[in-house]
């Protein structure tokens, strides 16, 4: 059910960790909002962070569709991300050695097609085999793609990277000139700390809009697909593929669908990234991106779309938020301090929110079927009343 | 709520509160805040570490005297030696902290990425401390303290030709820096390049590379790479018993290379480095101060970072307001050829304090005369170093 | 260089990889997660040895070009790595109530912490052990083999450690208990196996070997805070190649990966010598089988190996 | 087997049942998984030399009784006593050493270990004489003897069941807890296993057993309990239970 | 054999062979299952009964021989292809579905659900929703019959051993196959409930489902199954109606023992 249809029920439906997350998120947003109004946080920078969070959310949606749904171990997140970024950059950038100058929509299409083909190429031989195959083949794929981008200069411009990438909305009516057309605004909420909203802000707003559109779209698709018989088969595969096969499910095909879907979403993240930063280089294919995507999915709770979204936000908070902690003067060498902080935060989150922040709670049953069925949610056997405190296993 | 027209606010790149506050120069006693993107972690963190020594030394120089009675404060953010990290760091500095002047970054690729995605289109000044990649030349808005690798490449090609080698084997680090210097070298070199292969950073062994260089038959080997990678290669060359005449570009020299390679292993190697005028007195005093502070000799990288800070400080002092637009105007002029040549912040700041304009000073850095050209590159001197008794000896000076 | 030469280099490099992969694999099968801090555990071993060696010096004599003090440092490196790993298990992993993938993520955090601490203490620049570097062994040079006594020492010590481990696993109950635990931890407890103790031993062995690997890596190349982390990907590949969780598989995998890594120039020679047709194909392959693509080639070979031996080199379930 | 244990406790206070002290007793135990309560004020007693059979519907909590007795679950309230000593919450690996053996209902063999290794694992807490016991067990269960070197996961369901039983016997325990020993066994093999249970019992091992094969299970038992919804509903001799109309209808499929 | 016979045979196992290492787990086994029957498959532990199930359902590749379902040769097919032809099997050791509730685990059962197509989810969500509601209702009905409806929203892994067997059986029934292969459906199930299940199976059989059933509970098999195939050491020892099998001396020696 969606919030719009039935807000009350939607709230009543929340589990405890969800309440917790919702509460913390709302408080955090309020805090940021106040910070922005008082000039403590620049709206433009905030929008950049939103863009990053959206990008990580997309990556983590994609990985979640593979690992969280189906249990596919994909270590080439960075490669699909890079394919997305390079796909669109090669089509649109002025510095592109092969094409360039096309509308970003063409870039988007090309990026998705290439990611699709690549996903098939690696999926076809490996998805029939044991799970480790995909793990290792994708580890290899990531390296192969990175090395090709780095070394095949005729195709990718090599280590110099691609410059002159236009914003995503270039050539669109209204939107393409929107940032320049908007007047500069001066907001003074707290006297003495005015907030300026000028071209970069409007530019950043457009980026924010774009990522919200991408991530929102991906989320809606995934949400419908997940809480459905389709998503249920994927979860069965994740847990016991043989059982799914015995029940007549073509598990190879399902795994392929999930793998391709996830890869496309990762490529989408890459497309957004290219138009956000307006520059892509081989360094963007570094495995560290894969690493963070995994952290995001798992911190959020494998298998949950909301969790993946949240994980994306958490990653940005950890990575960029720690920059602010760094501002506090400490008597030790500040350089590795942020690294230390990131480490500590990761460990702390695992310690205190062990199931991932938002583990999958919902049953993968078509929502209307359950809600309409009117079955009691709580087991009614007398033995199983809840009892506080208790035994451990 | 009010509407401002675009140019009206002096147009800092950022909208952060602090950028606005600093706008009116003299009255405030708050420190001037500028930003720096450095490689504090990641593959170039060793360079970042060197830079920070230079920065801290420069800061203490500047703040001993002050700028218009105010301190200079540098917010350093980590690029993780990666594009994504660098961009995020610059975004925070420019859009959140609202700095009008950004020192950054180390690797050429990161510097360009920052310029392209954060700086271009704003009037924030970007001054890279270490990037020597050739491509930076194409972006006049992106200044750098370290001279372009092109002059190095030319110098290397002359050097190798003059030494009588008509065959050379090259290996370069596979990034923008290595690639662009190598391309320039290959263009300039008349002899035959019999081996020319990139290597990845951070590998545990380069024995395949050096064994291939050895099989290539060339007697002159050129290394365009970083210190850690080079030290690994030297050790492998040594323990494999290969012999050749080594040449190298800027980033292969350093005390840490000498310390971590066996005596005699790089004897006779010639390296072209963008040079601080080591003979000069100002460099000597910098080196002394550095040595007493950190117990070691400075590298040219530390000198660049040092000069970045001094140059920024002078630009701020010379500008009539603390804004990107104003600094764009002064940053080149305080170290540009016009004006009185001075070799320390103290002297330069004195001239400005005595009512001199930006064109009345010509700051001569510890890393060279600076003098940014129309592409934002410094003139830069080059020095040819030769390894003698496992120490670097300057054997020649070349003007860029 | 000759094939023999490449093989010799490969052997030395493999020794280090093997030491790393065994530990990773052991911990994987007993503690049930892929430990991303394993590479940084190697770094810890290396730096502990560095400090020790700096403190004790050469201690008189030397074997294989290595002063006695170095061997003492090696032992300290092993010990410190083991102690740190055990402490981490006790303080962090054991109290956690998460599944294996959660542990994996935690270990990423731990890896960052290890590395940051080392960087805070030692700075980020590289350094080397204060051991006089050696020239290649003269007698071998005519065969195209260019290795030093240090390389021999690395190989020899690695073999000694691996054989020791083999004996431990094969001739004591510990190995069997480990496998039982990996198989079914609940049943292991039901059978009377003190699983916490077995787990600690696993950490001691795994991290100890990693520590040794780190020390050798430092001797082979140099020390830097990122040294272990940079090797992690290769080690993972070796472990997966060997069949996840199988110790002997990890040895084989590590050996193969190390070899392939050093043999790329040889492969490119072979490719050039092969009469490949049509010509465009030959050119294409020659362009791809080059040092630039060394890592990619290693992975491609791995995938091919997997296709031939679907359960990893050691076969399914072997230990 | 430790005979000393029995001696130690003879002097202790008389139990409720005619002077013999139980070797193992659960009294008033509440227990369960996480926050879910399964056992509700459950009391079960095992006297020296007895075979006691637990029967009841699926999900009644029979396995939970065994798991609680064996330290896999900690009792929330109530006590678990072994020879008069409270062992509630002691870890299973320690309880084995006290002389209690346990055969779980599911996942009861090490699939990737060979039969031989499975048996050795059963004896890790033994001081010696391992080889001899294992040989006796092979003699007793030829069905696994043939497969000594095979991985346990290649065994058929029934073979596995036998192996699991044998594994627990390696310790020659004082008390044996068995969860559905005959499930999945061919009739003749099941008979053999029940015969073995008897034999083991004859060597002074008290046995607490869960069975769904009620006729045979109760057939070799001295007493039985009917468990439902986590509570003991009936207790008595096998004859009493089998002849009770209600019990037989509701629980024994009669 | 006449065409009419062939029509009547839903499952034909012909000269099937499978060995593991030196052990012939299935040794030239041949038998037919006729439409509408409940055929029992019994034999000592390790006789190769489960192995035959694996061979029929496509989990193992036979070393020789053929399997036909409904007249099509399914030898060497993927399990899902065999299932698509109407044959579904259960596993002897129940499969645990981690991260799913009991009723979710049940809902994996129905075959050819419209909602299993990614496209349908977006093109005609209505169809998906409809069939889902129907399946859910059916699942809940069967759970109630099996007396485990109170577990519907429990995690499928957190139930007792016997309950797992029940879920396994219930799910397979939900798949509504033409032929259902049950591997020891009532091992570990309480006798009272087993009696009820017997009725369920019989009713389903009357509605047209053919069963092939492995079970060691003699009362259960002898009551339910006709004919009964006896397997020993991988080959068919004998075959026939319950009373003749029960009295066959070879069966008594190899399997039933004195007590039966």
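Letters A, B, C, D and E name the chains as they come in the text, with residue numbers starting at 1 for each one.
The rule we apply is simple: contacts are C-beta pairs under 8 Å (C-beta built on N, C-alpha and C of every residue); 3 or more make two chains touch, one makes a residue touch a chain.
Please read these numbers as outputs of a predicted model, since none were measured by experiment.
Each chain's centre was taken as the mean of its CA atoms, and the one lying most distant from subunit E is B.
By count of C-beta pairs in contact, D-E exceeds the other of the chain pairs C-D and D-E.
Centre-to-centre separation between subunit B and subunit E, using Cα means, comes to 74 Å. With each centre defined as the average position of its C-alpha atoms, the distance from subunit B to subunit C rounds to 37 Å. Note: centroid distance subunit C to subunit E, computed from Cα atoms, is 48 Å.
Under the contact definition stated at the top, the residues of subunit D that touch 2 or more other chains are 33, 36, 72.
Of all residues in subunit A, those that touch two or more other chains are 150-151, 335-336, 339, 381, 384. Residues of subunit C in contact with at least two other chains: 119, 123-124, 225, 292, 295. Per the touch definition, subunit E reaches subunit A in the complex via residues 57-59, 78-80, 83-84, 88-91, 95-101, 103-105, 107-109, 111-118, 121-122, 125, 128-129, 132-133, 135-137, 140, 150-154, 171-172, 175. Considering their complex, residues 173, 176-177, 179-180, 182-184, 186-195, 317 of subunit C touch subunit D. Interface of subunit D with subunit C (complex): residues 70, 72, 91-93, 96-97, 102, 104, 107-113, 117, 120-122, 124-125, 151, 167, 171.
Subunit C contributes residues 92, 95-98, 101-102, 104-106, 108-113, 115-117, 119-120, 123-124, 225, 233, 236-237, 240-241, 243-244, 292-293, 295-296, 299-300, 302-303, 306-307, 310-312 to its touches with subunit A in the complex. Touching subunit C in their complex are the following residues of subunit A: 125, 129-130, 132-133, 135-137, 139-141, 143-144, 147, 150-151, 287, 291, 294-295, 298-299, 302, 332-333, 335-337, 339-340, 342-347, 350-351, 354-356.
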